[in-house]
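Below, each structure is written out as structure tokens.
In what comes next, chain A is part of two complexes: it sits with chain B in the first one and with chain C in the second one.
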Partner chain A sequence: MSTLVRATRAQPVHLVVLALIAIVFFVGITSSDRFATPLNIANVQDQMVALAIVALAQTIVILSGGIDLSFAGLLSFLAVVFAALAGDTAGTLLIAMAIVIALGIGIGAFNGAITAYIGVHPLITTLGTSTILAGCALLITRQPSGSVPLFFEDFTYGRLGILPYGMIAVIVLYLFVGFMLWRTTFGTRIYAIGDNEAAAAMSGLPVQRTKVAIYALSGLLCAVAAMYMTGRFGVGDPRAGVGFDLRSITPVIVGGTLLAGGKGGVLGTALAVILLALLANVLNFMNVSSFYQWIAEGLIIIAAVSFFAGRKGKS
Partner chain B sequence: MTATATNTSVKPNRNTVRATQRRELLMLLGFLVVIWAVTTALSPRFLSPANLKDILIQAAPLGFVVIGQMIVIIVRGLDLSVASIMATVAVLSTSLIDVTPLIFAVGLLLGAMIGAVNGYLVAYRHVTPFLATLATMIVLQGIRFAYTGGAPGGSLPETFRFLATGSIFGIPVALIALTVTAFAMHWLLERTIFGRRLKLFGDSPEAAYMTGAPTKLLQVMAYVISGVMAALAGLFLVGYVGIVDNWTGRGYELDSIAAAVIGGAALSGGKGSVPGVLLAALILVSLFNIVVILGLSIELQLVIKGTLIILAAAVYMKQSQS
Partner chain C sequence: MAPPFLAARGLSKSFGPNEVLKGIEFEVHAGRNVALCGENGAGKSTLIKLLTGLYSPTAGQVEFEGEKAGWSDPRQSLAAGIAVVHQEFSVLGALSIAENIYLGAEPRTRLGLIDRKALARNAQALLDDLGITLPPNDLVETLSVADKQMVEIAKALRAEAKVLILDEPTAVLSQNETRHLFRIINDLRERGMGLVYVSHRLDEIFEICTDITVIKDGVVTSKGPTEEYTHDSVIAAMVGRELGDLFPPKASDPLAGEQVLQVRDLVVAPGLPPASFSVHAGEILGLAGLVGSGRTELALALFGAAPATGDVTLDGEPMPFRDPVGCIDAGMLMLTESRKDDGLFMNSSVARNFAATTPGYGVHHSAIPPGHEERRAAVLKERRGVVVDHVGLPISALSGGNQQKVLVARLLENRPKLLILDEPTRGVDVGAKAEIYKTLRMLADEGMALLVISSELIEIVGLCDRVFVMRDGALAKELTGEEITEEAIITVAAAETSTHHGVAA
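Take a look at the complex of A and B:
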């Protein structure tokens, strides 16, 4: 049991999030007959796949004490590139996938390098790359364009029982990253850097190289999210990523990961993504306009961070 | 204590700081002159008085916002809610009242109140500035849309439009307001105890606390100033555009951070000057105008802007290391 707690980095707050999920689920069942149907449950999962992947990327970066605001531009840019290259055969699809993944890793590594070796604040670096890439995406095409092979589009809509394939991919990715944070040197280093970068450097950890790897991994996950989104849309939307920079941060914070770094994990993010997706779905069933959903989201952030504030100790 | 442990460099005395500041200002000015000269060579239309006046008027709202943003950045903060404040203030105050002075009074008060909430969350609740202002941004967005039902319909009084588009002795009113505000804020930052304490807090919160400065109040005041500046910007912007929109000012949060950083403010706190960030705002707005004048595709300005942000931050970082 204690191993499980250590492996998942479970915190008391996760019980709160779980309880909230149960409450929202209960409210959902009572408010509409259509809520607990397999179709709707699959629908909720479809809604959260892209967010879950970028939130996972953001979790890794935030754990290391950084932040990645490049998702808006990066997702848009990769989506456009992917749709432009994917063609309509398995061969072109594979080439497009390889190129998009390489671009994601390369751009992420660039973010990491500027941040680690020159010392520019990650917020500024990633804001800069996001702006550049948003521009590039729109330079390539102003309207959604390109296409993906039909079988890939079908794949992103496919389901195994009530589990969409996208969701299965998300679960695999979370397990993979969770294991990496738990058992690998790389994972330990991420926590060490997030906890106290100066101490990590003094104890001889390769802080700079690790940072490059962290942002590169973030870029790689973004590439996966971009390919999934393009498959769902069927075209490459040059505005596909708009809003994902800030949206990716909410589940990380609500899940109990500290923005200052060093504390938290992927379990919290996973639970928070489920909570937020369910909440949006139930509020839609209750005909609550998205305007009030925004107010709720903002208040949830304030409640969550006020709850965690001071946990790291005031220096 | 980690912050002080890593910051082992000795603080340069004020004359060196001034000299660095002057060098940075000259760099920005040089850059502005170069891009203006190149554009004029390619298209003489650029340097026409009418176009220059356009650039200056368009730069005015960003000028207000970036001054506030810089002051928050000086105290190691960040204000992501500025754009949301701009729109919320514009929507609420113009729909509630139709007398120009009152619109401004209510709008500025509203901006100050929202800023105070940000400051309270940051200073007293120890919420990270990024998250506090992100939450405020989203909440305000919800309130604004819920209040207007998605479609705002306020009409602007004639005098209000004059304030934003009219001129006195040929000088646009918006520019006069910005100039007065800029001088006042410059004086506040460089010549008063309040300003010194803001910078001291940014350099070292512990040191500011030891000297007996009311550190929490300082932070709150910084966010209040940013809120008021955003409110002013929102009102001038809707006055200029002539339409009140729920998305008024969209993008100003990131543009103001960009301008502040290009203008020499550092997210680590303690650094920033009013002339620097105003020059940077002018550079950003000029670039937009240049892209249009030269008939380049508008998206190119995003690429240039992003490159500038990273380059500027990298150059300042190299400077402070050497």
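Take a look at the complex of A and C:
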């Protein structure tokens, strides 16, 4: 086993997802001339940025044996707050960014603290937080409102060659988190807690503090995603996050991370995000109704999990 | 003489009115390996939990290097230098061997990142030092049980433990693995570590322990250097007591009834010798043996809950051992080992627990007739002597003894021909034990066949008409009548495996 394979926690499922990506790509090329154009490839990437970031947050939480369902409310709330404060200068933008990031970290830490110190199941804690924040977002504004400076909006649409800036940010974040999981004690603790929380505690690890940090990091990544989405819309949408709670879980599971925690990594999530975005894009080109896209996505989830169940039985 | 690394001084522990340990004096010096002997329930695990701070004592104290140790958490004792290798290991499968060994103490680079190279190198050095050939970057989940144990020991060594407590370390090991473990244990002792070795296997104790401490019924009955002991004197200190009137009289002629259960060439796992035996109506047959000797596996196979091959007939009808439902329908019922894990529905009421598997309910998914549970539950009080204020109470509110009575009563509602009981009195007080024994004997007298699995020798000796002693998955010896003594069972159960392999009873 090479160091790289171990570092990325590569698994057979990754090859399967890669193969599926290749198949979808091939179908795309044969179904439309416009598929393999720089414009469309950039377009696909734009489609996946927000999901990639929240799926990264979800990967960390699920690896630790938890789950974070707060994204729907959290993204909406942070988007509205960001658009309300961002104004039209660099100064107001920076202040808004600082506030949104602090809110993301704070709300995440709150999720972690309730889960770790009071012992509420994270499913309940984060569902509660999400509901509260969804209400808050709609109290602030019923309609999409606020704005971001024009140069920030332009930035979220800018690209370097065929790489949108948003995608560059995603790559940097994935490398950063991947490195963190590989080379920091925090990363090791995430795997240890997800694998066997009692054993981690008996080994002297600060389980509760680590959990707070995990959910805080999840909130931080969510804040980044919220700012990006607001930049793309040019306005704060109080329903910006709807659906992202469950959608964030799909790539994590398809990418081979165990829902029970302790096993998996960011590589699988990255590949799965690419697969899902490409699939949606190709089905669009083929004029397939988005309802069929849902069906396809659902089938992929079940197939991915069955793949694991089957392998478990054999070993 | 230097103070002992670890000592118990007048250590006592009570759970409610139940005094589990009384004035224990126990010490572990540097370079000594102290065997902690005693039957199941004697108080060994309670003592270990007190020594490591998981429990706090009712009286007396734990001393570490001559000073009072006020540990309130196993993490504190671990930091001080007390490591325990439990039977259930606390290694993490998703992490590598090196990561497990250095968990919480990873070598860091100047930037504060984990130094992967140093991690692998240090772990390799530790493993080499122990004479263990394992690649430090392999994931622990890919290791055998024996290797996982080695990782635990390496972890203790990394933590610079002064005292290493090993709880039944060889129960899960093969002969060769045991030899390897012994070399490591002796090596650690010669380096000045203090060890506590908990085991039932007397041969092992005499081979590697320098001292022996025997606990019986929560009291230290004997202790001293190993040279002062023989097998017989240890056994005498462990078991010497009166059976009293805990047990009802046995059957006069246990083999008089017809054979209810006939087992021929039952193979529970590949490589194990086939088992053949029968259980007669009116007798209580005991299955004795050490933990891990295969008793529970055999029972689960009979009950259709584990895969096996062979011929099993109940009242002349062949049993397909496919699933427990078929066995229940055929009249074979089983009381499982852990009532909390796979016996009771802890969040449900007494009534619902009792009614859960009675005929026409639960097993066959029919609707519950109104008042059914209450009527059924009334039976509990009248016929089975369960002390409960109200059958609507959650079962968790009952004492262990009453919970067990509810379970037994539930099984009896199915009018079994054969009743298998795995550890029927675990976690039950003496009074309830006597009642359960009385009930079991009464059932046998009424013509039921009973198969009892127990780790408590006194229970096997006092209750059973006939006993099979199991060792390494095989029925090693059959004992009947006067032959059934604690000494005879221990001698067979704890004998060196190779010499008796394959001896059929």
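Here is the rule we go by: the second predicted complex is superposed on the first by the 308 of 315 C-alpha atoms of A that agree within 3 Å, B and C clash if a C-alpha of one lies under 4 Å from a C-alpha of the other, contacts with A are read in each partner's own complex, and residues count from 1 in each chain.
Note that in this section a residue touches a chain if its C-beta (ideal position, glycine included) is under 8 Å from a C-beta of that chain, and two chains touch if they have at least 3 such contacts.
Values in this document were obtained by computation on a predicted structure and should not be read as measured data.
When the shared chain is aligned, chain B comes close enough to touch A:Ile132, but chain C does not.
In the superposition on chain A, contact is made by A:Val305 with chain B only, not with chain C. Of the two partner chains placed around the shared chain by superposition, chain B and chain C are both touched by A:Asn196. Of the two partner chains placed around the shared chain by superposition, neither chain B nor chain C is touched by A:Phe176. Counting the residues of chain A touched by each of chain B and chain C gives the higher count for B. By the touch criterion defined above, A:Phe151 reaches neither chain B nor chain C. Legend: residue contacts after superposition of the two complexes on their common chain; A:Phe26 is shown touching neither chain B nor chain C.
When the two complexes are overlaid on their common chain A, residue A:Gly204 makes contact with chain C while staying clear of chain B. Of the two partner chains placed by superposition, only chain C is touched by A:Thr184; chain B is not. Common to the chain B-facing and chain C-facing surfaces of chain A are residues 196, 198.
The touching residues of chain A, counted against chain B in their complex, run 67, 73, 114, 118-121, 123-125, 127-136, 138-139, 142, 196-198, 246, 249, 253, 259-260, 289-299, 301-302, 305-306, 309-310, 314-315.
Residues of chain A that touch chain C in their complex: 1, 3, 6, 182-185, 187-188, 191-192, 194-196, 198-205, 262-263. Interface of chain B with chain A (complex): residues 1-3, 5-6, 78, 80, 121, 125-128, 130-132, 134-143, 145-146, 150, 254, 257-258, 261, 266-268, 297, 299-307, 309-310, 313-314, 317-318, 321. By the touch criterion given at the top, residues 74-75, 78-79, 90-96, 99, 103-104, 106, 108, 112-114, 116, 137, 155 of chain C touch chain A in their complex.
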